[in-house]
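What follows is a single structure, written as structure tokens, with notes after it.
Chain nomenclature is as follows: A, B, C, D, E and F, assigned in order of appearance, with residue numbering initiated at 1 for each chain independently.
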Amino acid sequence: MPYVNIKVTREGVTREQKAALIAGVTGLLVRILDKDPATTHVVIDEVDPDNWGLGGLSVPEHRARRAA
Amino acid sequence: MPYVNIKVTREGVTREQKAALIAGVTGLLVRILDKDPATTHVVIDEVDPDNWGLGGLSVPEHRARRAA
Amino acid sequence: MPYVNIKVTREGVTREQKAALIAGVTGLLVRILDKDPATTHVVIDEVDPDNWGLGGLSVPEHRARRAA
Amino acid sequence: MPYVNIKVTREGVTREQKAALIAGVTGLLVRILDKDPATTHVVIDEVDPDNWGLGGLSVPEHRARRAA
Amino acid sequence: MPYVNIKVTREGVTREQKAALIAGVTGLLVRILDKDPATTHVVIDEVDPDNWGLGGLSVPEHRARRAA
Amino acid sequence: MPYVNIKVTREGVTREQKAALIAGVTGLLVRILDKDPATTHVVIDEVDPDNWGLGGLSVPEHRARRAA
């Protein structure tokens, strides 16, 4: 019965990468907690980098400062 | 004071269906828990089917296998 | 495939009320969006009133002021 | 280590407003709880007004009735 | 920068199982999306089975009917 | 109409600190986005440190290694 929500920045995540995440996370829940994959849901939210903050800065600004 | 978050796949949910969900869920909280509708929030997230996994597969792949 | 998360204050919600919410919300998703109940998840989070804010005040403080 | 999720209606929130929210919320967590900003995440979700319900109505309908 | 939230029923998940989930999910995000583990957060929510619904029934009731 | 969810580790956050977070976050939304505080909700989730992972480790393990 697990429900997993993965939030990442929206930066060209491919369909194959999403499928690999879904398969991988579901496999972990089956192996570690013996959950039923048939009712295991994984939802991936892709978030605009301007809408994600880290260290008090938006992700683009955070990266710009680290690169400076 | 309730807050309800509904996640469904993004597949042509109409404005009328969204309004019916909002009215229905709010009505349940009023009837069952005597909540104040004025501060009851319902947020509907529509999720790209490629971003939703079930049974270890993305929803489109899951449907394709069931149909096969 | 829907996933619904209901957040309410923790104030003596009974098992019967939870079951009624689960049945009611699932029924709405079946009727309005033709979803499959077998993969419809509803998760109820009960939140300590001190941990819920409205109008800039915690719920107990908010109620105390309205009652004053 | 905090994680903060802010949901607002999608109505022209500017990059500057998002940056101000990120900086402000992170600052609160540092000042009030002495959290490390380097691992404090803030994610802003902008929600279509039709997908947000209040008082049993979608936000546009809710506003139309209040204005009437 | 990813944030992952795992919701499972509260049924004796051990510290070792939680550590395995955290390590496993973080590893997937590093391998599949090349994310930095230092800012990858995983939060596990354990939910009372009475508060989780599937198929319109709470988990205990759902299991009782399947076992019947 | 905003909804804000703050997740922090459960480590003795006081009622006064929670009230300060609620007041502070609501104030930010009023000042930056001109939101109505009367319908602004803030929910604080306190998470057991064993249930929070960072850098692929639970928080207690992560701290132990940094202190080592």
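To be clear about the criterion, a residue touches a chain if its C-beta (ideal position, glycine included) is under 8 Å from a C-beta of that chain, and two chains touch if they have at least 3 such contacts.
Composition by chain, UniProt nomenclature: A, B, C, D, E, F = Tautomerase.
It should be emphasised that the depicted structure is a prediction, and the values quoted were computed from it without experimental measurement.
J.: Which chains, if any, touch chain A and chain F both?
T.: Chains touching both chain A and chain F: B, C, D, E.
J.: Copy of D-F's interface among E-F, A-E or A-B, judged by over half the contact pairs being the same?
T.: So the equivalent interface, with over half the same contact pairs, is A-E.
J.: Same or different: at the chain E/chain F interface, is the fraction of residue numbers used by both copies above or below half?
T.: Different residues, largely: of all residue numbers at this interface, under half are found in both copies.
J.: Consider the two chain pairs A-E and C-F; indicate the one with the greater count of contacting C-beta pairs.
T.: When A-E is set beside C-F, the one with more contacts is A-E.
J.: Fitting on CA atoms only, what is the rotation between the copies chain A and chain B? Please report it in degrees, nearest 5.
T.: Superposing the C-alpha atoms of chain A on chain B needs a rotation of 120 degrees.
J.: Starting from the mean Cα coordinates of chain A and chain D, work out the distance between those two points in Å.
T.: Computed from C-alpha means, the inter-chain centre distance equals 20 Å.
J.: As a quick test, compute the distance in whole Å between the mean CA positions of chain B and chain C.
T.: The mean C-alpha positions of chain B and chain C differ by 14 Å.
J.: Which integer distance in Å separates the CA centroid of chain A from that of chain C?
T.: Here the centre of chain C sits 26 Å away from the centre of chain A.
J.: Taking each residue of chain F in turn, which ones touch at least two of the other chains?
T.: 1, 3, 7, 21, 25, 39, 41, 43, 45, 52, 54
J.: Sort the chain contact graph into one of these: line, ring, star, complete or other.
T.: other
J.: Chain pairs in touch?
T.: All touching pairs, sorted by chain label, are A-B, A-C, A-D, A-E, B-C, B-D, B-F, C-E, C-F, D-E, D-F, E-F.
J.: Would you pull the chain E residues touching chain A in the complex into a rising list?
T.: So the residues of chain E touching chain A come out as 1-9, 13, 17, 20-21, 24-25, 28-29, 32-33, 35, 39, 52, 54, 59.
J.: Under the touch definition given earlier, write down the residues of chain E that touch chain C in their complex.
T.: 7, 45, 47, 50-58, 61
J.: Quick check on the complex: what are the chain D residues that touch chain A?
T.: 15, 18-19, 21-23, 25-27, 37-38, 40-46
J.: Could you please specify the touching residues of chain D with respect to chain E in the complex?
T.: Interface residues on the chain D side: 1, 3, 39, 41, 43.
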